[in-house]
Every structure is written in C-alpha cells, then in structure tokens.
C-alpha cells in the first residue's frame, strides 16, 4: 500500500521535474533569442528589474519579511557602481562587485536595526530607514543631487568585451541575470533555506531548537540586499546613469508590486511581474492613462482577487497541479 | 539676552511652540493610524491620502459649494469617514484574517490611486485655502509672533486626541473594539455586530486623518502630494511610540514634533531625518517602542 | 539628401505629465508644440509634421528607454521639453551619442550647456543662472540689498543660492545669512522665524515647487511681508502663482522668460493657448512653442532634416517669435533671450483672471545668460 | 420533554473538507447533554456550526422555535445561546473584569457580578489584570463566567476541563450542576468521560461527523463496551 | 544513542538546578523562592493548580523569560543570563503548552530541521538540500521510535492534535537534549496516544533528565520519580508521588477529595 503511493508520488515528481526543466529550457532559449525581436535596452531593463524582484522575493517569499526599503540596495549599488566606474575608472566587473558589496553592507546595517521587529513593523522600519538613505543620497556630494551620476561609461568587460555594443551588453546582462537566479535558487533550496522556512513557520519553535533566529534573518536580509544590489549595479551600466529615482520609496513600492503580481514565494513569478510592470510603465508613458492611478488600481486588484499572482495562480490552477506544481503559502 | 547653546532663550521658546504645532499633526495622524492598526490589524498606508482628502474636500466645498472653514471642519471628516466606511465595506473586509501585509499593500495601492486621481484632476502645484477670518492675524507673545490659527491647531488637536483616547479606553464601545480585534468571531457570537464596529473604526481613523487635513489646509498648500510627504514620518512616529497604546501614539506625536522643531534650529540639515534617527536608536534600545507592550 | 529623410518630421515631447512637475509643463506643453506646428502650417519641406509625446514619470530610465526607442525605431527627429535635470542630461547624452537633436525647455541646470553640452543639444527657456541674475541682480537694484536665503538642502538649492548671492554681492548687496531646509518640508515656520529675526530686506527662496509654495503661504501667515520684508522666489512660474492664489502670493518677486500679459503679441498667444488648455502659458509652455517653431524653421532653411544641417541652422538663425524675441543661440546650444523680473499683484489690483504680475524690469539676454565662452562647454573654443 | 435545540441532517464543511455528515440530535429544555467522541470526529465543529461560526452548512437547526440557519452570527446570542469555546477566547487587551462585562446582556435572569465572583474567587482577586495573564484554568473559569451574566437559555461548552487541575475540574462540575438546578440547558463536549458522566442526563457518541448512538445516563453501565471500543476509555 | 552516563554513579547527578527563583509581573509575583533540582536519568513532574506558575517556571528555566531574582545552573554552568537559543544549544530543550510544529513542512522535514543544527548543516547556503538526505536515517529512526513512520510524508498541519504532540516530541529528541522540558505533553490527547507518549518519555528518561508539567495524575504516578507541587508560585511539597499524594495540603490545593 505505502509502496504504491510512494511510486505514484515519485512518478508525479518526475513528470513535474521534466515539465519544469522543459519550461526552463524554453525560457532560456527565448531569452537568448529575444534581442532579435525586441529592443535590447528594454530587455536589459526587464532583466535588471526581474533580478531585483527575485532578490526581493527571496526575503518576502521565503522568510516572510516584507521590506519596504529595498530601493536602498538597488539604488545604492547603482550609485556605487556608477561612481567608481565613472570617477575612479574601475572596470565594469569590478564596479559591479563594489556595488554589490556596498549594498550588502547597507543591508547589514538596515537589517541589524529592522529585524528587531516583525511583520508590518518591519515594513515600516525599512521604509523609514530607506527614506533616510534617500535623503543622504539627495544631499551627498558624490551622487550629484537631482542630476544624478550621468554618462557612466560601460567600458570593456574583462578588458576586451566592448559593452558599448548593445548586443554584448545584453548577453552580459543575461549572464549575470542567470547567475543571480541560480544563486537564489541554490539559496532557497539549501540547508540554510530550510531553516529560514522553518523560522517563517514557527519562530518560537525554531528558537527552542537552538536557532538564533535573528542571525538567520539577518543573513537572508543581507543576501537579498546584495542580490538587489547586483540588479541595481547592472542597471546603472545599462542606462549609464544612477539617479535618485532608484533610491526613492516609490521604487520599493514598485518591486513589491512586481513580486505580488508575479506570485510571492514562487521562484520565477517575480520575473513575470517585473516584465508586466516594466511593459506597463512603458506603455502608459505614451498613453492617456495616468500612470499612478493605474498602478494603484492594479495593486488593489491584485491584493483583492489575485493574491497568488500570475505564476502562483498558474501553479494552483488545474493545469498547474496536473503538471506537478505546488503552490503553498 | 539669555542664550542657550548660542541661541537666545526667546527664539528657543518660539521654536518649541512651533514644534508643538507640528507635533499636533503628527499626533492626530499617528493616533488614527494606531486606532486602525490596533483594531483592524491594517497599516493604513492610505492614511496620508485621507489626510490629503480632508484638505481637498474642504477646498472643494469652498470652491464649488461656498461652504466655509467651520462647516468644513465637521463635514469634511464626515465625508472622508463615509468614504472610509465604503472602502472598508467593499474591500478591506475581504482582507481580514490574511497576513497583515496584504492590508498594507492594498492601502498602498489605494493611496497611489487616490493621489494619482487628484493629481490628474487638480495638478500638483496645489490649491489656495485661506485662514478663516475669525482666526486670522496673530498675537505677539513677546518671544515670537504667533499666528492665532496655529494656536487653534494645537488646542483642537489636543481636544480631539484626548477625546478619542477616552472613547477607546474608557467606554464599553471601546472595549468591544479592543475585543473585536483579537477575536472578532467570538465577540460576534456574544451578540455584538462586529462588522459594523469595524466599519466605524476605519471610518473613525479616516475621519481623524481628514480632520488633520482640514486643520492643515490654511497652513500648508492643499496639494495632492501633501499626504505622501508626511506619511512616512508618521510611520516612524508610530514605530517610536510602539503600537501598544493609543496614548503612546499621541504623546510620541507631540514629543517628536518638538524634537524635530528643535533640530530645525540647531542643525536644520538633519531635521528631516532626525525622527528616523530617533527611531533607529529607540529600536536598538527598546525594540517594542517607547510605549509598546509587546516585546 | 534633400527633404525629410523618411517623408515625415516627427517631434517627441517627453516630460512629466502626471507627477510633481505636471503643472510646470505637462500635457499643456504638448499642446504648445501642436500650436507651433499649426502656426507653421502643418508641413515642412512638403512632409507632414507629427508630434508624439510621452510621460517619463520623472524616471530617467523610462525617459532613456523611450528616447532611444524614439530615435532608433520610430524615426523621431528631435526630442523636446525634458523636465527634470536628471532626465534632460540623460536624454541629451543619448542624443549626442546617436546624433539627434534635443531641445530642453523644462530643466534648469546650466550643465546642459556647460560641461554636459552637446553639438545637438539646445537649452531654450531658462536656466538657474538666468533666474539668479534676474531675481538676485535686478532686485538689489530695486533696493533689496540685504538677503537671507531659505535653501533646499540639495545641489539644486545650493547652486541657486550660490549663483544668486554672487549677483547680489556683485550689485552691491550683502547676504546676511541662510538656512538649509530639507526637501519636501511641510512646515517652514522655524526657518521663516529665523529669516524674520535676521532683519534682511529680502528673503530668497532657493527651492522649487511645493516647497516654495508652502514657504510663501506660511510667510504670509507669520506676517513676513507685512513686516516689510520682501519674498523672492528663485524658481517659480505663473502656474505656481495660480495654485497659491494672490492672497498668499502678493508681493512676491520672481523671474520668468515670458509673461502673457506683457504686451499685445504675448497676450494674443496667451489667449490662444488659454482657449486650448484652460490656462495661461508660463515660460516652459511658451518656450516649448518657440523651440518647436524654431526647429521647423531650421529644417525649412536647411532644406533637409539631417541632424548636422539642422543643428547648424539652429545655432546660426536668430530667434524671433513671441517667446524668444531677438534671441540668439550660442555655440554651446544656449538660447539667449530677455528675462523679466516680475512681482505678484495684490488681489485688488488684478483686473482679470490670470492677471498676476507687474513687470518690474527686463533683463537683457546677454546679462541673463552665461557667456558661452565661459560656460565650460568644450564645443566653444 | 420539549426540545429547545433541534438539529436535523446537519452537514458542514471547512473549505473543501466535509466534516459533518448529517448530524441529528436534540437537547430538551433544562437538559444536560454530552457529546463524546475521539479527537477530530467533529465535536467542536458541531458546536461551531450550531452557533453559526461555521457558515458552510446545510440541514436544519432550530432553537426555541426559531430557524437558526437564517440568523446572522451576531444575533445567535440574542436568541439565547451562549458559547464557551475550546480555546477559551479570553481577550488579552481587556482586563479580567472587562472580559467579564463584555458580552451584552441578552435577557433577564443572568447572574450578577457578585454571584459570579462568589463562584470564582480567583477572578475577583485578579479582576484588574489583563485577561490572558491568567493561567489556563483561570481563563477557563473566566470563559464560563462570562456567559453566565448574559441570561442565555442554553450553554454550549467545548471541553471545559481540558488542561485543568482536578480541583478545578471538580469546581467546574459543581458550577455546572448548580446551573442545571437553575434550569439552564447545557450541551457539553467532553473527552473527560468521568467528568461528563457525573453531570450529564444524556449522551451522544460521535464518530466520523455523525452521531452514532445516543443513550440516557442510566444506560451507561450497559454501554461501557461500545464506549471502550470507540473511545478507548 | 548516547552512552548511559550515570548508571555507574552511586548518587544521581543534578543536571538542572534553580535557586531562589522569582518572577514578578508588574505587581504580581507569579513565582517566588523556587528551588528546584532535576536529576539525570529521571522524570520529574511539576504539578499544581492552574495559575500556580508552572509554565512560568518553564519559561524561566528555558530563558524565554528573565527571572527577577535567582540563579539557574545547567550542568554546572550558570545560565541565568543566557539567551534562549543558546540554552537550547547547550542541551536544554522544551516543548510548548500549545503544540509547536512547523505546520507546512512534512513530518520528516520537521525532524530534519531539528537535526540540522547538531549536524552543522544549518548555515550552508551554498549546498543543495539533498545535503540533508544524510539525516534521513536518523530522522526515520526517531519517527519510528514514536510510531510516526507511516506519516513521514504528511504535512504536519494535517496531523491530528495528538499526533502533532508526538511529532513535537520526536523533534525535540532529535536534538539529543540532556534535559527535556515538556509542558503538558498529554493535554488533549486520546488514550492511545497517552500510552504511547508515556512509554516514550519513560524510554528517553533512561539517559536524560525530563521535567514535565502534567495534570494527568495517573501518568504522573506511573512514570515520574520526583514530584514537585507548586501553589501560588511557591513550592508546596516535594518528593515521590506516593508521599506527595498523601500530603493533605496537596490534596486540598490540587487533587481534591474525590478521584476524578
């Protein structure tokens, strides 16, 4: 009896695995071919935001911490990279690393303060702290105020790949994106990720099993910040500037919207969410609809009737379940 | 002239008073937030938008209906409260029992939508609203020129804050409200119409925000952006106070208003972040906030 | 290559249409551009002229994305308006790289024609320097010789304050003090009290938008102007005065490059604009009109819409329209034209709707703008 | 005996899962009835469905002649039903006395405060402290005391002795007997069979969402075998 | 399994002890003057009427609450000021009065989470989850011990109440604690589960100290060597079950006159 159920279960997860692998390969192929059909800068922007949203989701979806201050890491890293590449003339790959390190450091400081509280307090605290960082960037010398750091050279990757060529830039961005996603995937499905999950489930119990919950949360926070920084650093090279919009609280709101739209707690949901938001913003820019109203209304609709997001709804749908996906939150 | 840290005592007194005025708005707003959070477990991100709505309703009443400040002081909060009631009935109700972050996100979207609508209709440079003639002008207090209207703001906010506190802590209605937050179903089983209570609560919170908005209209430019500028600061105020007590929200509002006012004198560059800095320090020393109960 | 390259001349208006600067330019700027096209006759070199527009939402990345797409795939020949300096600088850099024309009317930074100048980039309506000269210099001549600044605490505020003080001092005035306030302060009373007790004759507001509006409104409350001090806003336009109301704004001094009720010609344009938009134009609207018109004239004259040829004409042709009367364009792309020192009327002096200003002085273009040779632009040898 | 509460063919669901499969039962006026059953058979669900907390339900519930299926949740108490939930439901932000005074009085004939404090001296001692600072047993007493004030005709009690010390269990037994003497109708869910046997007039035995058997207290000795096999007592 | 350490010793060893423990809540003293010694390889029961302070004593011992006065020693180390997670790592592990499992993890994962830390598999974020597979044998052994093998792939939330408590005990045992604190482990359990859990406790206590709060006196009589009776925060009586249950003060304060 148990044997049969087990085989069925194994069978099911095997189909699920192959289906998922299939999707993955198709997705990658699409991304590889995309620049032949779409405008590369648009695609790069999309990838940057997708990575940003996935990094954010790492925290929200897998540790249950809603940060309302992730713009700090995204925008902070953008500034660090833009500044070091433009002013110190460091090569792009090093610039990105500096951006990531900076974001991680910011994450450490903000996390250290914010993880003292949970739930919505946590959200409010991160919001307040990131607002503080916004004012810092506004007033600091090196960010060049509301002009932003402009005309950042993309430079040559490893000294020989010219990133000014938008095709090579695209594939560079794609490579970083894939690496970022792999990191997130590994991270979620790791022993550490397991502990995070259990903390989200029952924090007191985790403490009583001897886990210093605060440290695990902080670890997750820093990793999420670093990955968000990776996205921001990349974006500053793609667009060749870093400005205040990247650190403003509206940006933190946007990344939440992306994640919510795509599906909180799903690995690839935020990619779809980011795609949708970026497309929408571009579309709305040339339409008659006022952007803020639409954004606001989309938010409301999502929360009310679409909480699982696109990918979450798909997973939970009949087809999704047939294909062996699980959505649980 | 006596000096403190190089600042004349008189100027200092003036700045203290001004801080108190600012604090009046913080107190009113954080009070409303605390009530809504306390009872509905929703962080009302739309609180700033409702504050803005209050000011705008007052402006619209004047511009299109010839209704002046005094009636507006009552009518605008009622109107916004009614709007809040409708929102609660139609939408927020569906979010009870879910992770509170959904409430936060919903109201965030709502704030964007409301603000966007008003920006779309009225632009962002704001609308004029004059001080009511009965409160125009000012008195010379010796150490400063105090516009009478500002004094009025302090008095009104104190009255409303204390009144609300009494309502919640000392009345049977308040007891129902508090109980309903913990276990709405049970309170309902006991024979209390909880859904109506919750609607009233949200309406009350929204009405308080709108009241602050009407008070602000003659002082600040009536603009669609006025809410989003202040809401984040009010969040910080609430964190510093701790969500445990209504009184905490009120007191912290005033105290931080004064703290900010003093910073404007001694180190004006930092005056926009001083509340955030205080927040960080308080969190490190007392994670539950100054008046918070849950550690 | 004669005629329009693709049988069409396309102009993109890229600005903030829903955010904080929406009243500054916004959709009305698109209308102004449309008016210019109509006034020009709707066709240039026998090709139709098309205006496209987009709302950049104050996000440089969206602006940059749209600008690239416009230039690359939608055959847009020039992009104009470009409110917000971060956007203007980003788009100008793209234009430079792609050899495409941009004409900025919405942003204020002098960098556009300074260290970030482009052979294809033009700055049309105003800049921080012109505002500083107008308000700072001219006001001292009117007797406002001691100043106290309320400065927004970021680069834009500093540079306005810096430039203005220079002109105040150059004209024999002195600066008694200044206080820096954070961006988006709701309450200015603390700062106003400090300004009041300083005893300066002029309180200079080196900030923008809502901050300026709030400061002015509260200054009235605290009786600053009644106390004999004068308020000078360094970046403030007709649209802002309209939002503030004459009651609160009366007596305020400011500088603009255009005022609709100045003479018959400007009145005629103003009325026409009003009929289409429901509001009177400020210098950004009129400037955008002028920029579009001049661009079309340049194409006409060059006989082609080729970027280099048109840019050459734009640099050489004198400007003569309702906005840029007697204007010239410097080698750095700066359009040099007269500016006006304006004072807001008392409510009972205002004779009709939108009749808000008295013109106190006219500042000749050559005084108002930085000499191209000293602008720091490396195109000027 | 007149049936005060009558339940016919009651079905109830939690989301997709079907928990009650046609419950039939009645409780007469002034009677004390106990539902016995293993963990998870649906005892709590039965009570929650009768009060209207579980609204995904089908069947017939009538109480004192009224059709309870149509009554909104906040009107249940006004019809005369008082509920003491399994998890007790003490409000932490309310003091003990506020907790006690919370439920609105719905009819004449409830106890007054003095009587209640006499019955539960612990509560009097701790009346000013916050509700959930009480120990488990104190909370249970408070939960029962709370509905006694309101003048309801019938009490639904869900495992009132769970986690309580033997003395307290005895005390609660005494309280219930006293209430019974005053004519209170009681529907009790219990795992503590011995406790139940001392106060109940009649038993229902529940399994898999249905009442499998019913018998008066007098038949208890004959039924011990069934109880053994179903409950493992 | 660990080597039974104390069997050779003549006198049983005290592993957990408290001296002069006191805790105030505002003006109210929930626990006062409690001295407690818990011996290795024994089951110690803490009983008393509701509100006596049993859970509070647990919270104090495991550092979820800070004592107002007094000291706590765990295997010779003063832990009065140690954080709760640290205390757990030192080998003092508790269960909660309200069942505490990770509801959306599978039964097996619940146990594996507990096994991760002692096996140094909790911070590796660079390794795949399959690294945890080597914990499976041990986890399954633990589940088998408590009779949960059949449910190993169930989601914990789907278990019945009693099974959840059993799972919780298995999780706790996974840490191989030196001292085990169980707060009403049998509450709400059916009779079958009660016997299962009693047997488990008896078994684990052969090499560990167990301190438990329990109202089910037949269980206490059955498996506990030591009984401490608490009343109003103070110790009323102490000793083995037989002597304690004869104590008239205990009968009056706790057990009552009739058998229930």
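We call the chains A, B, C, D and E, going by the order they appear; numbering starts again at 1 in every chain.
As a convention for this text, contacts are C-beta pairs under 8 Å (C-beta built on N, C-alpha and C of every residue); 3 or more make two chains touch, one makes a residue touch a chain.
Remember, predicted model here, so these are calculated numbers, not experimental data.
Hopping across touching chains, the smallest step count from subunit A to subunit C is 1.
Least step count on the touch graph, subunit C to subunit E: 2. Ranking every chain by how far its Cα centroid lies from the centroid of subunit E, the top place goes to C. Chain centres here are means of the Cα atoms, and by that rule the chain farthest away from subunit A is D. Taking each chain's centre as the average of its CA atoms, subunit B and subunit D sit 44 Å apart.
Distance from the subunit D centre to the subunit E centre is 31 Å, each centre being the mean of its Cα atoms. In whole angstrom, the spacing between the mean C-alpha positions of subunit C and subunit D is 76.
Shared interface positions of subunit C, i.e. residues touching 2 or more other chains, are given as 18-19, 153, 182-183. Looking at which chains touch one another, you get A-B, A-C, A-E, B-C, B-D, D-E. Residues 37, 43, 91, 94-95, 98, 100-102, 104-106, 108-117, 119-120, 232, 235-236, 238-239, 243, 269, 272-273, 275-277, 279-280, 283-284, 287 of subunit B are the ones that touch subunit A when the two sit in their complex. Across the complex, subunit A meets subunit E through its residues 2, 9, 186-187, 189-195, 197-198, 201-202, 204-213, 219, 223, 328. Residue ranges on subunit C touching subunit B, taken from their complex, read 18-24, 26, 153, 179-187, 189-191, 193-194, 196-197, 209-210, 213-214, 217-218, 221-223, 239-240, 242-245, 247-248.
Contact residues of subunit A toward subunit C in the complex are 39, 41-42, 45, 135, 138-139, 144-148, 150-151, 235, 239-241, 243-245, 281-282, 284-286, 290-292. Across the complex, subunit A is touched by residues 62, 64, 83-86, 88-89, 93-96, 100-105, 109, 112-114, 116-117, 121-129, 131-132, 150, 153, 171, 175 of subunit E.
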